[in-house]
Amino acid sequence: MIVLFTDFGPAGPYVGQVKAVLAREAAQQPVIDLLHAAPAMNPRASAYLLAALAPSIQGEATFVCVVDPGVGTDRRPLALRADGRWFVGPDNGLLDVVGKRARQAEWWEITWRPEVLSATFHGRDLFAPVAARLARGDAPPGRRCDSPLGARNWPADLPEVVYLDPYGNAATGLRGSIVGTDVVLRANERCFQPVTTFGDAPAGTAIWYVNSNAHAELAVSEGSAAGSCGLGIGTPVSVLEECP
Amino acid sequence: MIVLFTDFGPAGPYVGQVKAVLAREAAQQPVIDLLHAAPAMNPRASAYLLAALAPSIQGEATFVCVVDPGVGTDRRPLALRADGRWFVGPDNGLLDVVGKRARQAEWWEITWRPEVLSATFHGRDLFAPVAARLARGDAPPGRRCDSPLGARNWPADLPEVVYLDPYGNAATGLRGSIVGTDVVLRANERCFQPVTTFGDAPAGTAIWYVNSNAHAELAVSEGSAAGSCGLGIGTPVSVLEECP
Amino acid sequence: MIVLFTDFGPAGPYVGQVKAVLAREAAQQPVIDLLHAAPAMNPRASAYLLAALAPSIQGEATFVCVVDPGVGTDRRPLALRADGRWFVGPDNGLLDVVGKRARQAEWWEITWRPEVLSATFHGRDLFAPVAARLARGDAPPGRRCDSPLGARNWPADLPEVVYLDPYGNAATGLRGSIVGTDVVLRANERCFQPVTTFGDAPAGTAIWYVNSNAHAELAVSEGSAAGSCGLGIGTPVSVLEECP
């Protein structure tokens, strides 16, 4: 299975071009659009979101990861083998959190280049063909390299909003397991009370819960936390014993 | 064929997670995204829209239907066999209109539960695996139950706007066959004149026609009925002999 | 491979209905969503965009092209064989630029009609079944006809914005090969300087480059050209030696 995680937007022509390459070069592989609405041009928030979503894909998979504002510059293309699965993407931190949270992580610098490489669309020209090879069982076309994690040294969990979903719920970079239960989350001077699911609180209540990807998520019951609490990508979130 | 009808939004990560489950558990089945922009958290409008769109899918099919604001509460999961096709979804009315309009309808309560069931994403954890089984030919993992139609007793046709398409056309819950011809539709104090297709009226005219799914639909020729007439989900529509 | 290029929007129910037809009638063919955000009801801008994007799909392919405000009127359905690939769509100019730029182009009027043909959705009822036949290797169900290019006589390159991508970059109808290098592009009284990729200019700079589909594209480094320069579909673009 090949899984796509990008900031291409669901509407644009970029996803289709990547999929056409995969249909030619890995015809037997199902291709899953995991997310094309990753925080645009924001590898840091996207890295936490990728690490949250990737475990929801069961079994073997090769992830094509493209949030790549530095495309065409000298940033390296990487392949990461993390707990038995492949992740391909730019060396800008996008793969760091998956690597950091993995029990086993091995890194490669991709040195192969296609005959024709556009300056602005390595997702199509470089990452997709490499992913097709890995999904077919080939070795990464490059050389083993040291972990790039030290370069940025991002934490394993991030106390910030990293994603707003289509309902206006705000996922954080904090795993539920490290937040604990019975605590209150605070963001933008609003307190969010712990619940299990949406129906556990009256309409309009600011709530938080461990979402279906095991991360802490802020919401407003029957409403939009993004809209009514002014949350956005990067809004800091704090964990408190009780609302001050 | 497995057909998806949800309010997940085309941009979010929920569709991909459902499809990854289906790719594992029903690999031979084509999966069709019928709509991921169903009226959000609105099972009633969505029910009429589902009943309008489902007949456009020819032949055998299993529909995964998720507009589920009560996810994680005690609302039951259901399977409906309607005129030879399967519909899986929550017992909140979403399947009622398909059931009501069917010549033959049989209902099951799904009692099977997965090993891991998140509180907020039964589309991925419960409805998709059940649909995979039904599409493979298995029996519904549950027990036959009475029709749930009486609980809500919604009409077979709904004189309201139930969907705004990307062009701003407004589909109603009224089948064309019961509206008749040569009548005028009225919504938001505007009259819509009957036509066969968009090109039959000068630009800017408020028109209605039987759409490609056999339902009455309001539009503005070369414009947006949603924008220029202020139509939204739930706007009442009346059928008149002539414009008052 | 069957490739879809439409203005249906990524959110609506139209794409899924087309794909359900293709899954029944050309089950062995992969189906690629190239773009569903073509300039809505604008066959002229869409024609240049289609001609830009089509070469990015390698090898044999049948394109289903639907930007069709005249659906249901007497505009003809066409099939175009251009340099070994099929394009199916309405005779409103949408296929003209592909035909004009092709080394070899042959045109057919499609005379076949399905048993049931809705007035407003020929993408599903007519173009998709015809594309399925062509992809299977059948002859076009119609008769050879003269080239329709003379009717509109559009130029091979168009000095206008024809597409805004999800990042706010503005693609033009001008091939990079005819624009030349070291020139400045001007639009909306703003000058755009030539670069190779986004990282070549400081944040906020108005830039242009030959995009990954070999067309001139306007952008603002780390920003949105659509937003900050007020560019839209149809904005004229001029090619200058230097900024006045």
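Chains here go by letter, A, B and C, matching the order in which they are written, and residues are numbered from 1 within each.
Simple rule for what comes next: contacts are C-beta pairs under 8 Å (C-beta built on N, C-alpha and C of every residue); 3 or more make two chains touch, one makes a residue touch a chain.
Please read these numbers as outputs of a predicted model, since none were measured by experiment.
Enquirer: What topology does the chain touch graph have (line, ring, star, complete, other)?
Expert: Shape of the chain contacts: complete, all pairs touching.
Enquirer: Could the interface between the copies subunit B and subunit C be described as same, meaning over half of its residue numbers are common to both, or is it different?
Expert: different
Enquirer: Quick check: superposing subunit A onto subunit C on C-alpha atoms, how many degrees is the rotation, to the nearest 5?
Expert: Rounded to 5 degrees, the superposing rotation is 120 degrees.
Enquirer: Please work out the Cα centroid separation of subunit B and subunit C, and write it as a whole number of Å.
Expert: 31
Enquirer: What are the residues of subunit A that contact at least two other chains?
Expert: 9-10
Enquirer: What part of subunit A is in contact with subunit C in the complex they form?
Expert: Listed in rising order, the residues of subunit A that touch subunit C are 8-17, 19-21, 23-24, 27, 40-41, 69-73, 118-121, 124-125.
Enquirer: Quick one: in the complex, what on subunit C touches subunit A?
Expert: Against subunit A, the touching part of subunit C is residues 1, 3, 9-10, 30, 32-37, 53, 56-59, 163, 165-167, 196-200, 209, 211-212, 222.
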